[in-house]
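What follows is a structure written as structure tokens; I'll ask about it next.
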Amino acid sequence: MVVFDKPHALTDAPLHYCPGCTHGIVHRLVAEVIDELGIEGQTIGVAPVGCSVMAYNYFNCDMIEAAHGRAPAVATGVKRANPKENIVFTYQGDGDLASIGMAETVHAAARNENITIIFINNAIYGMTGGQMAPTSLPGQVTQTSPYGRDVNHCGYPIRVCELLSELEGPEYLARVTVNSVKNIKAAKAAIKKAFQNQIDGKGFSLVEVLSSCPTNWGMTPQKALKWIDEAMIPYYPLGVYKDRSAKEEAK
Amino acid sequence: MTRQFLFSGFGGQGILFAGKFVAYKGLMDGKNVSWLPSYGPEMRGGTASCGVIVGDETVGSPIVSTPDVLVAMNLPSLDKYESTVAPGGIIFVDSTLVSRPVNRTDVTVYAIPATQMASDNGTPTLANMILVGKILKVLNDFEDDSVRAALGKVVSAKRADMLEVNLNAMKLGADY
Amino acid sequence: MKGNEAIAEAAIIAGCRHYFGYPITPQTEIAAYMAKRMPKIGGTFLQAESEIAAINMVYGVASTGLRVMTSSSSPGISLKGEGLSYLAGADLPALVVNVQRGGPGLGGIQPSQSDYFQATRSGGHGDFRMIVLAPSSVQEMAELTVKGFELADQYRMTAMILADGTMGQMMEPVALDLDVKPMPEKQWATTGTKMNRPHNIVNSLFLDPAALEQTNFERFERYKFIEENETMYEEYLTDDAEIVIAAFGIAARVSKNAIDEARKQGIKVGMIRPITLWPFPVAPFRKAADKAKAFISVELSMGQMIEDVRLAIDCKAPVTLCNRVGGMIPSPEQVLESIRQTAASLGGAN
């Protein structure tokens, strides 16, 4: 009896992520979806700059490392190089997607670029050691907001799904989290839909995954998962923010 | 021999078009040619100009700094370029819009009321080609076949009817 | 045909079916031409949200092994600097066109050659080179575009067409019966594994310094080979020249007029026109320095190529600068005056 097996779409390279980090879970979900849809041979992933910078070593499909924030532009190129064959996804963190790469994100969404974006929102810059992110919460203490994020000084965190939902372009926008078995299952369903949409030619699909960063939050892994419920979800409610096809079908 | 033309006037007077035609005319005659426009904000409402070089030798610098032939379709252009014309050169002015006489005495001047003529002819946008007709006539270069061929290159294929209209405007200028 | 259009059509002839760009004077005709042509031949034209996005879309297509290009003018090229560095780090082939305008900053929109350093030293951070091609006619705008794609593919690096506003805007007759070599196979490309090979990775990140050092060493071995094999230049009346002008692009066109006039006045002057700015054609300059008594670098910059001329001739002869900047162009008369002054300083029979 198989108790545990690794998805084929993941390589054997040991992940470098910190204990308790949820990147590993999300990697696995993406890989499972690629396996289940049978698309590994035509999938090209684009890794960001951030903690998941070395994602290109972990996924078994062809991978490209992009400059910080530029993954949606790179993915646009890859997709348009061979729109019928190539299944293209980006895997990006909050600094990458919502700060330095906001223009690329918004415009790929506006064009309804037929790509899939997995957006890891953990409210902090992890790779560089815990600085304030565009999604850090009001009052959140980070290395660059040592007295807590002061919204009068540096403004408010950005709700990416809500922001993009105002655009005509995108097909599918959903916010999920992976802090419980139930939530992980829902996250996987959303990720699968985001890939299926691309296969069906429906267009830009982004899944925002509220994730934990115990190391830089200064919490135990368990406490970090709880903090998602207590602090993050109230500001970033879970749910589907846009699903054009479902809406049209409902009509 | 090599001849350098400078066409100048307001944006919208068909300065670049006239220059392009003369360049293509040279090309049809088997000459070496270049066409270099002014570009950018100058084009928007201000002065427009383009330099055309037609010659037997390979064109070196495409920049026309001492034209053999100056076409000035407005006063600012004459003010700006009159002094640059090569001694012995020719200046064509649109006398409807240029009120003052040309001061240079070492050049030949042709003053044609091209804008008025174009208006009287019911083709108010073709003052440029009236002037071009005169230029070709003066330069002894009004040769029907290559004129038609060159017009075919600059008149959009969708507006083939404009070919005859342009040709007529040129003849009007040539006969002035 | 306009120089900008010649580049666009030549790119299509070379098999380029993907173009990404952002409007900026004086090169926008390239984008406009591509917007018109690409949809009709099954290609992709996409106006990107920024020059940064455009170069990264180029990076994406280049990763899949297809011929791809972008074009811009000076301020836009600065924005592309990040992407140029990543293309180099990931050893991706691409063609980038810079139709230069005066700078620095927003500068102006008139012709310039003041991005010479940026293009020949490196367009971004890190140790890298680009093959830099400098057309001097509309015909060369077309020919060097094809050549640029071929060199980029052959050496897995960026080729840059370094033109200027006059080259982009001027019209000259152009013959488009261009020979295009078949594209080399690109086994490194990320085209999907089709489940029959290990995954390919396009990447410029090497956290192990020894490994990163090695990639640099290997890349520079390639650069050395290019320096030895791919220089292009044209010589004009250099055989008996006592004065040799160095000029490229529009400056070479202007200089030619001045040289013809100076020859009529009995001054023995010639010109070496670099066509590749990197690799710089050192050999003809070195050879000319055996006989020539003086060099003049004619540039639309405050004196950038002049440094390469001095290096090439090992300071065996004086090199003076004849220049205009900010969108101004030296006139043949100015160059002639510079030639005459130089001749006078040599105290020769002139």
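Here the chain labels run A, B and C in written order, and each chain numbers its own residues starting at 1.
Just so it is clear, a residue touches a chain if its C-beta (ideal position, glycine included) is under 8 Å from a C-beta of that chain, and two chains touch if they have at least 3 such contacts.
It should be emphasised that the depicted structure is a prediction, and the values quoted were computed from it without experimental measurement.
Shown here, the protein chains touch in a chain-like sequence that does not close on itself. The innermost chain, defined by the distance from its C-alpha mean to the mean of all protein C-alpha atoms, is C.
In terms of C-beta pairs in contact, the better-connected of the chain pairs B-C and A-C is A-C.
With centres set at the average Cα position, the gap from subunit A to subunit B is 61 Å.
Subunit B and subunit C have centres, each the mean of its CA atoms, that are 34 Å apart.
Subunit C has its Cα centroid 40 Å from the Cα centroid of subunit A.
The multi-chain contact residues of subunit B, meaning those touching 2 or more other chains, do not exist; every residue touches at most one other chain. Every residue of subunit B that touches subunit C in the complex is listed here, in rising order: 20, 23, 27, 32-37, 39-41, 59-63, 65.
On subunit C, the positions that touch subunit A within their shared complex are 18, 20, 44, 46, 48-50, 52-54, 56-64, 66, 68, 82-83, 86, 90, 190-196, 199-205. Those residues of subunit A whose C-beta lies close enough to touch subunit C in the complex are 11, 40-44, 46, 53-54, 56-57, 59-67, 70, 73-82, 85-87, 103-104, 106-107.
Those residues of subunit C whose C-beta lies close enough to touch subunit B in the complex are 25-26, 109-110, 165-166, 169-173, 250, 253-254, 256-257, 260, 329, 331-333.
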